[in-house]
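Shared between the two complexes below is chain A, which has chain B as its partner in the first and chain C in the second.
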Partner chain A sequence: MSALRKGPSLSLKTREAVTGWLFVSPILTGFLIFFIGPLIAVFYYSTTEWNLLSQQSRFVGMANYVDALSRNETFWDVLINSLVFAAGLVPLNMALALGLALALSKSRPGAVFFRTVFFAPVITSAVAWAIIWTFLLQHESGAVNQGLSLFGIDGPNWLHEPDWAMVSVIVTRVLKTVGLNMILYIAALQSIPRDYAEAARLEGASGWEIFRRVTWPLLAPTTLVIMVITVVGSLKVFDHIYLMTGGGPQNGTMVLAFYIYEQGFKFFNTGYAAALAVVLFGLILMLTIAQMVLKASRK
Partner chain B sequence: MNYRTQQKITRICWIVGLCALAVPFVFPFLWMLSGALKGQADVFASSSLIPVKVHWSNFTEVFAYQPFARQYFNSLYIAIVVTIATLLISSMAGYALARLRFGGSAFILLVLISALMMPEEVTIIPNFFLMKELGLMNTHMPLILLPLFGSQGVMATFLMRQYFLALPSELEEAGRMDGLSRFGVYFKIALPLSKPALSAVGIITFLFSWNLFLEPLVFVNDIELFTLPLALANFTDTYGLPLWHLQLAATALAVIPMLIVYILAQRQIVESFAMSGVKG
Partner chain C sequence: MSDLLIKRLIYSAATMAALGFGANSVSAEELRFTVWTGSEAHLKMLGEIADSFTATHPDVTVRYDTIPFGDYVQKITLQMAGGNPPDLGWLLENSAPAFVDAGALADVSETLKSTNGYDYGDFSQSAMGLWETDGAIYGIPFSTSPFLVYFNKSLYESAGLETPDARVKDGTWTWEQLKSDAKALRDASSGVWGFETVDGQGYGSRVWHTLVPIIRAYGGAAWDGDTCKLDSPETVKAVQLFHDMVYADGSTVPPGEQGDFFSGKAALTVTQISRVSKLSDATFDWGIAPLPAGTAGSGATVGQAAVVAFAEGKHKELAAEFLAHMTSKENVAKMAAFFPPARKSVLEADRFLTSNAAVTPEKMAFVAQGIKNGSVLPSHKRFPQIEAAARSNFDALWSKNADIAAIMKKLCGSIQPLL
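Moving on to the complex of A and B:
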């Protein structure tokens, strides 16, 4: 470095450019090899079919996509399941997170305790959380149904009936992740100046009116970020499905990320799995672009 | 009813409501703990949280059933390596993107940001073949390289950049006047000033790596090389006989130390997550 500084041939500007490239080169190199390269490769793989015996791939053009869209009914089930999962999880997660944040954003006694409680599953690995809930949701001997029976309710076989299995994975996933959204909302609420609400209160606004006309609009940027994070998080859900239902019963909880894994690494349908990955890529790209457009339109 | 009593009643309702809401968050941990101490037959036989007979032996059996200590160590050292490497690489890149002017930096930033949201499932298949080609299958290298250079590493870079942008640059200029090189300024001035950001990125990266599941599942076969999440899932299907009591004991061993650390350092942990969201 000191040699560079003394060298008369290098201008300040060039030196800064060299340093800049040196500083970003480690992450850039790794990123190109382990992210951009594979991202391009997944498009290529999606146009091939693998022969497991000869370990060779054959170009098949759009056949994997045609197969997914027209011949393979599972694909549509999986896509619908993924959307149902997101449609169930996102509103539930965000409403609960906002409610908890409103209740816990002020420093009332007990607020820190409850924040700790609701955030604890975020720290816990999803695998551990899914394992515990698998036990709690057993049909006859599980704690949930035993608890329900105290009220005379005969609980369903949660993880073995298609509709209830979906409800179970959605709810347990919400419990696992809602703490993070709660914290993001609390951080946003605490950055809102108090004067706004007080001014509104002096003018006679009720608590609900203050929330609707002052707090909620000010939370809009945070809500947008949380929504995108949560939708993307719900589209990539894998460990919960793997451990709690394995995609079953009758593909009732088979979602895109899990289906990619199963097709790619269990059935070795590499080309088809790559096509599914491209579909997932497209979904998330659309969400990201939608977020950028929404963000820009606000300014 | 005057305003005071009304407020009091509202507050009691809040607390009762919160306690009820807390049940599905707290009960699983209590149940895990109680299940970990129950005998194989009692896990389901008795619904009571208090075990009929306490089986401390579950915890020793966990280590006999599979190389659990080894697997624990694997998770720990991988998370530490990933965290240190991420802190170094992402803070350097973040510093350059925030402070240095060089052609292409805006483009690099755009490319990196576009990857923030991409889940590992999208690239896992090509990465599988890449690791095979590189001879890294059934090693820990994929579990280190992929978080480091995937969306997690990108997010770390982005967080560091945002922090450096907000840092006043006067101190750095003073350092430059005193003859420090750019690297010297980064290492001796900017890094020490960015401890809050470094600890936030460090905490998030550590937890992310510690809880990683898909990558170990895909890249590691050897039971000696398993990480904790894989090990936990491995107590179920031996000969179709799920060993519930052992699985819960292992889960407790994996979860409780993290919970203790969380409770001790919760302010910092929670703040680091809050920061990641606000800046992301």
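Moving on to the complex of A and C:
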């Protein structure tokens, strides 16, 4: 033991660093193998022409990117569809989540029941959700149009008319995911001390003014988190589209994640699909950074 | 080194040698075979074929992996890309040219030729068209299944209409007649449609199954060699007929609606003989008829699936031997109970007509006739790309005021570069 004590000992700082690295090494290893590794692989494959079926690949440099960005008109349609989907889903989802949270955050009769009702779709199977809505949205025999017919409205063929298909997938997706954002907003609302609102009320502020000047600014960090995860989630949407419309009609709901899947695994253009995946990665990264910067600049 | 240690080393070495020797002498091998059926009856029959192979190859077992139909091609492609391809599998006609072109399938011609009593010449030339190239054989069709019309006999009788099988006899079974029957049998008040497309999925990925038989009956075609024919006047006329059934007559289940022939919610449908199993609990009388004729005669169309061995499989020789075993006369006759055969001797045998207990010999004769007269669905080595390019234009057909001729012209414009 004494011999050990006499040997060269590591400084406290180094020992702490080594201990820290040892503690994080399992997750770091997993991160490198399952995140960084595939990410590098996708970048590499995006520079190849790789047919998944024949297993033949050759280096083509930036050709896949040039193809997507300058030659393939479908890519731009798909990209616009993805942005339309996000632009439709994000505000609707966030506004509805905030409205529900404001209504259900206080201990009112039935609040817990309705929180459960609105959260239930989040934990419902995405497949079951999409299939049920496909039935509900049938043209003549669907419950939605039968309900509308009671008011004399002849409902459209929701999932089979280009103008309505995107609206249908956005709304049904919002209903599936809004519960999670509602819970996040409820948590944030409940963490705001009541004193602030009471003080404002004593000063004569109306309910709307309290919300605008007290509650909303204090919800800002939560709003940023919700916005980022909702934007990212909406740009990555796949299962919902796959099950409800298959990208149709007339490519009207063909979004980037679904297009990548089709190119890679259905048409075997794996190198091209990898390039599209990099584009999607870049798009999400840019939008996320932009939101962070925008929020930081307002502080 | 102590004696004990030496003894232990000798014992260990001897044990390892014995184990190694034992492993070599057993050399158990497992063939992995991917299929898309989950039917217990199918798997039982396939298991019996595997057992009879094991009887002559005691060290070999066959494992069937079921992959859902919708994911089948993607999953086996990913297995191949991941370096773990199956040894054998089923493959559809529309995948064949792409797989052959990519070199993904093993040439099994040598094994078939050297297998005693195999009789390769028993397979009709038309059945082998997709699977044989320059003497190389990449698969053997186990199912050559014609599309047929299924009709609800009870509905026909209560409407007082002559049934399709009766019309076949007097030569008046045409697409125009089917259209007229469907219109007459549509009963919106009870939710019964006149006609339902193939398995109710005929507007998406299976739109080819819906339209090709009609197009052929009117003398049109999808493509001929490297020329698109989807915009020919004959094709446009055929597509217009179907479009009228959906939108002018309102007799056919449109996109976005559900009808189901098998539960009595549609009077007519087009599908294959394997769907007979769905009628075991039917509460109505039903019948089967060949596809109707058009102005150019019968548009008899056949869906085909083959047994293939994969080029990168781990046991290529054994896989080829099992493929020969599975497609022998004896086993094709066994499979004929579910899958119409491509072997002429089995097809022509009287036994085929009585092979399916649920189907009368008279109805099975329509199956045999469909195989003899039918052409396989269109296929191409770039079929996945063609399917993708065509999809959007096919979607455009499904609105009331669609300009069929203009859409079909646009459709040809999009797929012509791929042919």
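We adopt the following convention: the second predicted complex is superposed on the first by the 262 of 299 C-alpha atoms of A that agree within 3 Å, B and C clash if a C-alpha of one lies under 4 Å from a C-alpha of the other, contacts with A are read in each partner's own complex, and residues count from 1 in each chain.
The working rule: a contact is a pair of C-beta atoms (placed from the backbone, for glycine too) under 8 Å apart; a residue touches a chain by one contact, two chains touch by 3 or more.
Please read all numbers here as calculations on a predicted model, not as lab measurements.
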Chain B versus chain C as contact partner of A:Phe265, first or second or both or neither: both
First (chain B), second (chain C), both or neither touched by A:Arg115: first
Which of chain B and chain C A:Ser141 touches, first, second, both or neither: both
Contacts of A:Gln250 with chain B and chain C, given as first, second, both or neither: second
Between chain B and chain C, more extensive residue contact with chain A: B
Contacts of A:Pro38 with chain B and chain C, given as first, second, both or neither: first
Partner chain(s) touched by A:Gln55 [first = chain B, second = chain C, both, neither]: second
Which superposed partner A:Leu180 touches (first chain B, second chain C, both, neither): first
Shared chain A contacts, counted only where both chain B and chain C touch the same residue: 135, 138, 141, 265, 270
Contacting residues of chain A [partner chain C, same complex]: 51-55, 135, 137-141, 157-161, 246-251, 262, 265-268, 270
Touching residues (chain side chain C, partner chain A) in the complex: 73-74, 77-78, 80-81, 98-99, 101-104, 191, 204-205, 254-258, 312, 384-385, 388, 391-393, 395-396, 398-399
Chain A residues touching chain B - in the complex, by the definition given at the top: 1-2, 4-5, 13, 15-21, 23-24, 26-28, 30-31, 33-39, 41-42, 45, 100, 103-104, 108, 110, 114-129, 131-133, 135-136, 138, 141-143, 146, 175, 179-180, 183-184, 186-188, 191, 222, 225-226, 228-229, 232, 235-236, 238-239, 242-243, 256-257, 260-261, 264-265, 270, 273-274, 277, 280-281, 284, 287-288
Complex interface listing, chain B residues touching chain A: 11, 14-15, 17-18, 21-22, 24-29, 31-32, 35, 43-45, 47, 89-90, 92-93, 95-97, 100-105, 108, 111-112, 114-115, 117-130, 145-146, 148-151, 153-154, 157, 181-184, 186, 207, 210-211, 213-214, 217-218, 228-229, 232-233, 244, 247-248, 251, 254-255, 258-259, 262-263, 266, 269-270, 273-275, 277-278, 280
